[in-house]
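Just below sit the structures, each encoded as structure tokens.
In the two assemblies presented below, chain A is common to both, partnered first by chain B and then by chain C.
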Partner chain A sequence: MEKLDARGLSCPEPVIMIRKAMLSGGERYEMVVDNTAAKENVTRYAQHQGYQVAVTASGGEYTLTMTK
Partner chain B sequence: MGVKQERTAIVLAGLVIGVVAVALVLLGNPANMGFCIACFLRDISGGLGLHRAAAVQYLRPEIPGLVLGSFAVALVKKEFAPRGGSSPITRFVLGFFVMIGCLMFLGCPFRMILRLAGGDGNALFGFVGFAAGILAGVFFLNKGYSLKRTYRQPAAEGGVLPAIMAVLLVLLAAAPSFIFFTEAGGGPGALHAAVLVSLAAGLLVGALAQRTRLCMVGGIRDLVLFREPKLLMGFAAIFVAALVGSLCLGKFVPGFAGQPVAHTDGLWNALGMFLTGYGCVLLGGCPLRQLVLAGEGNADSAVTVVGLLVGAAFAHNFGLASSGAGPTGAGKIAVITGIAVVSAIACANTFGKKE
Partner chain C sequence: METEVKLTKLASCAGCGAKVGAGTLAQLLEGFQTHQDPRLIVGYDKSDDACVYVVDEQTALVQTTDFFPPIVDDPFLFGQIAAANALSDIYAMGGEPKLALNLLCLAEGMERETVQEILRGGYAKAYEAGAIIAGGHTIQGAEPIYGLAVTGFVHPDKVLTNAAAQPGDRLLLTKPLGVGILTTAAKADLVEGAVLERIYAQMATLNKTARDIMVRYPVHSCTDVTGFALLGHSYEMAQGSGCSIHLDTARIPYHPEAYEMAAMGFIPAGAYRNRTYASAGVKAGPNVTQTMEDICYDPQTSGGLLIALPAEAAEACLAELRQAIPQAAMIGQVTKRQDYAVYLD
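Up next, the complex of A and B:
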């Protein structure tokens, strides 16, 4: 599983980051973001790419687990 | 919220915002200027005496409304998150030149939509330049452009710009002698809806934009980058609502010459908006989005807003802003300089980032 840290980055950077990572066609990715816009945008992008997204929130940070 | 609900929400918000924009013109704002973040910040800059262009001086309450509307909703939704430290002075410079581009064209991307909806054909040139500027910015995003990450900041840091906005409202209400107001009949600064109406409109639009992440540059950017149409749908909804509104009220006047607060120089309309679109993509959002993010506690966006304000002051102090008569020579030099500076910033933060 590939882990990505997009904390502090604002959109569209987290989405560009996950797009680049997903080019390798992995089954599972985990990304940490710290703002709701990034959470929404990455979730939407991953869903469009056919991934299921699970979100866990803690202390203002969101961990998105994306699985195919 | 699922994708469908998100899209429905941003379309509804766009429609409401388009109607509010038309209503503000009906209630006294300058034509095709229900909202214009650039024009309003320029008027505020003048109201504070940072420039002395007597025709454009008024502490437009829509701007504090936008910031405070976003601030209030962010607090309620627990999305108020003070952060900053992502290349603030670079953002200041980008904000400065985004304003130079806007005042070449005579409007921010938001007003560009409203001008199109009012039949102003000159805005078509602006739109072409705007789209090209966004593509230029997207090129660098794809190559790895980044202004680096933000860091959490104390609550007070995130509250500074909302507090400044509240002070602007107090100054508007108290109208002390050091605050400038365009005299009646003296220009666009004298044309405005009643203070409370403008404030309420700002609060409403700020709240809607915060919830939907509405952004005028994000639409084309996300469509090109990710084939994601959500933000563009908001952009289109504002256009449709404003178009229907101006048609219903008989305010739709198609043409190029004699359009309100506009000039007919196609090349410079396009280049002005090219600079604006380019700079906004590198900032991560249009001037409206910067105000909304600042309301959410983003200190970098607050610095960007200050850059916009200072850019407006320079534009009028040094004769860079266009008028109905057309662009100025100094304005053309400033726009070309701006494109060069923005390109240098783009290159430095794309290719020069050896960790």
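Up next, the complex of A and C:
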């Protein structure tokens, strides 16, 4: 599983980051973001690419687990 | 034209996406003590596009300001877009801009020619609007900012607020949506040059033609669709008018390329702020996709006019608008107040 840290990044950087990572066609990715726009946008991108997304929130940060 | 330092790289957020959310703004202004003046007929207490001050029986002054960080790299185009956006608030009140002042913030790394091009773009657009830029103020800061403070005039009886829509009115929109999404996707190099040129030209287009046509019809209410997006501005119009607004997504014009980009998550943060602000007052029907909702929450830089007028006049007004602005569309109607401010179907 590839782990990505997009904290401190504003849109569209987190989506660009996950897009680049998913080009390798992995089955599972985990990304940490620290704003709701990034959480929503990365979720949309992953779903668009056919991944299922689970989100856990903690202290203003969101961990997105994306599985194919 | 290429610049040494890309203008958009100097900006943390682009265009009207930089606007502070409507909810935050309302909190900031809560409890703010204001003074009344009977001549100030549209002021602080209204969430309107500009303030209006009556000078005499024939003349009212309309004032507004708008500024933001670069949304495009071409400085001349940025100047034009920022000016068109600032001038738009005067048009949305039914007025005509006459005088403007530059508001400029310079960031480190900006060439002299870049700054001159921004100002030249603003001047050209103001001149096209029939207004003259007569001065301004420039400071140094962390990121480039440009815009105008604009003064215009309107007949006191012809002021168009965003709070006077009436049941039975139809709603017209004069520019397609999606420019916030597409400029966000452009940062990932996912938007074709021809599409970008189309939206840049749209953002640099004055709402003057739309205004000049609109004022020949019995318009009840008008606003321009900018940072708060179609749904945020519709929500404010519905709340201010004490009515409900029904929008038909099948008729809402948007750039088709924005749909896929939104589905892929290239949505500006401002769209989520708009959703937070308005969603409690918006009821989306079961057939409305999340992506279509995202487009309706997308902040528009220099967006079109949203015009409310009686049904029979709306048909004629739309026909005339379409001769000059083919994308203009009738997107919904106003009803008496129901449970929600805005219905999206």
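One rule holds for everything that comes next: the second predicted complex is superposed on the first by the 68 of 68 C-alpha atoms of A that agree within 3 Å, B and C clash if a C-alpha of one lies under 4 Å from a C-alpha of the other, contacts with A are read in each partner's own complex, and residues count from 1 in each chain.
Here is the rule we go by: contacts are C-beta pairs under 8 Å (C-beta built on N, C-alpha and C of every residue); 3 or more make two chains touch, one makes a residue touch a chain.
Remember, it's a predicted structure, so these values are computed and weren't measured experimentally.
Overlaying the two complexes via chain A brings chain B and chain C into a clash.
With both structures placed on the common chain, the touch criterion links A:Gly60 to chain B but leaves chain C unconnected. Taking chain A as the reference, the larger set of touched residues comes from B, when chain B and chain C are compared. When the two structures are aligned on the shared chain, A:Leu9 is found in touch with chain B, with no touch to chain C. In the superposed pair of complexes, A:Met1 makes contact with neither chain B nor chain C. Contact with both chain B and chain C is seen for A:Arg19 once the two complexes are overlaid on the shared chain.
Applying the stated contact rule after C-alpha superposition, one finds that A:Val42 touches chain C and leaves chain B untouched.
Stretch 24-32 of chain B is the one among 24-32, 78-86 or 150-158 that clashes with chain C after the shared chain A is superposed. Shared contact residues on chain A (touching chain B in one structure, chain C in the other): 10-12, 15-16, 19, 35-37, 40-41, 44-45, 48.
By the touch rule above, chain A contacts chain C in their complex via residues 10-12, 15-16, 19, 35-37, 40-45, 48. Contacts from chain B toward chain A in the complex involve residues 1, 3, 6, 79, 81, 83, 86, 141-142, 146, 148-152, 213, 218, 221-222, 225-228, 230, 284, 293, 298.
Residues of chain C that touch chain A in their complex: 12-13, 184-185, 187-188, 262-269, 271-272, 290. Taken in their complex, chain A has these residues touching chain B: 7-13, 15-16, 19, 34-37, 40-41, 44-45, 47-48, 60.
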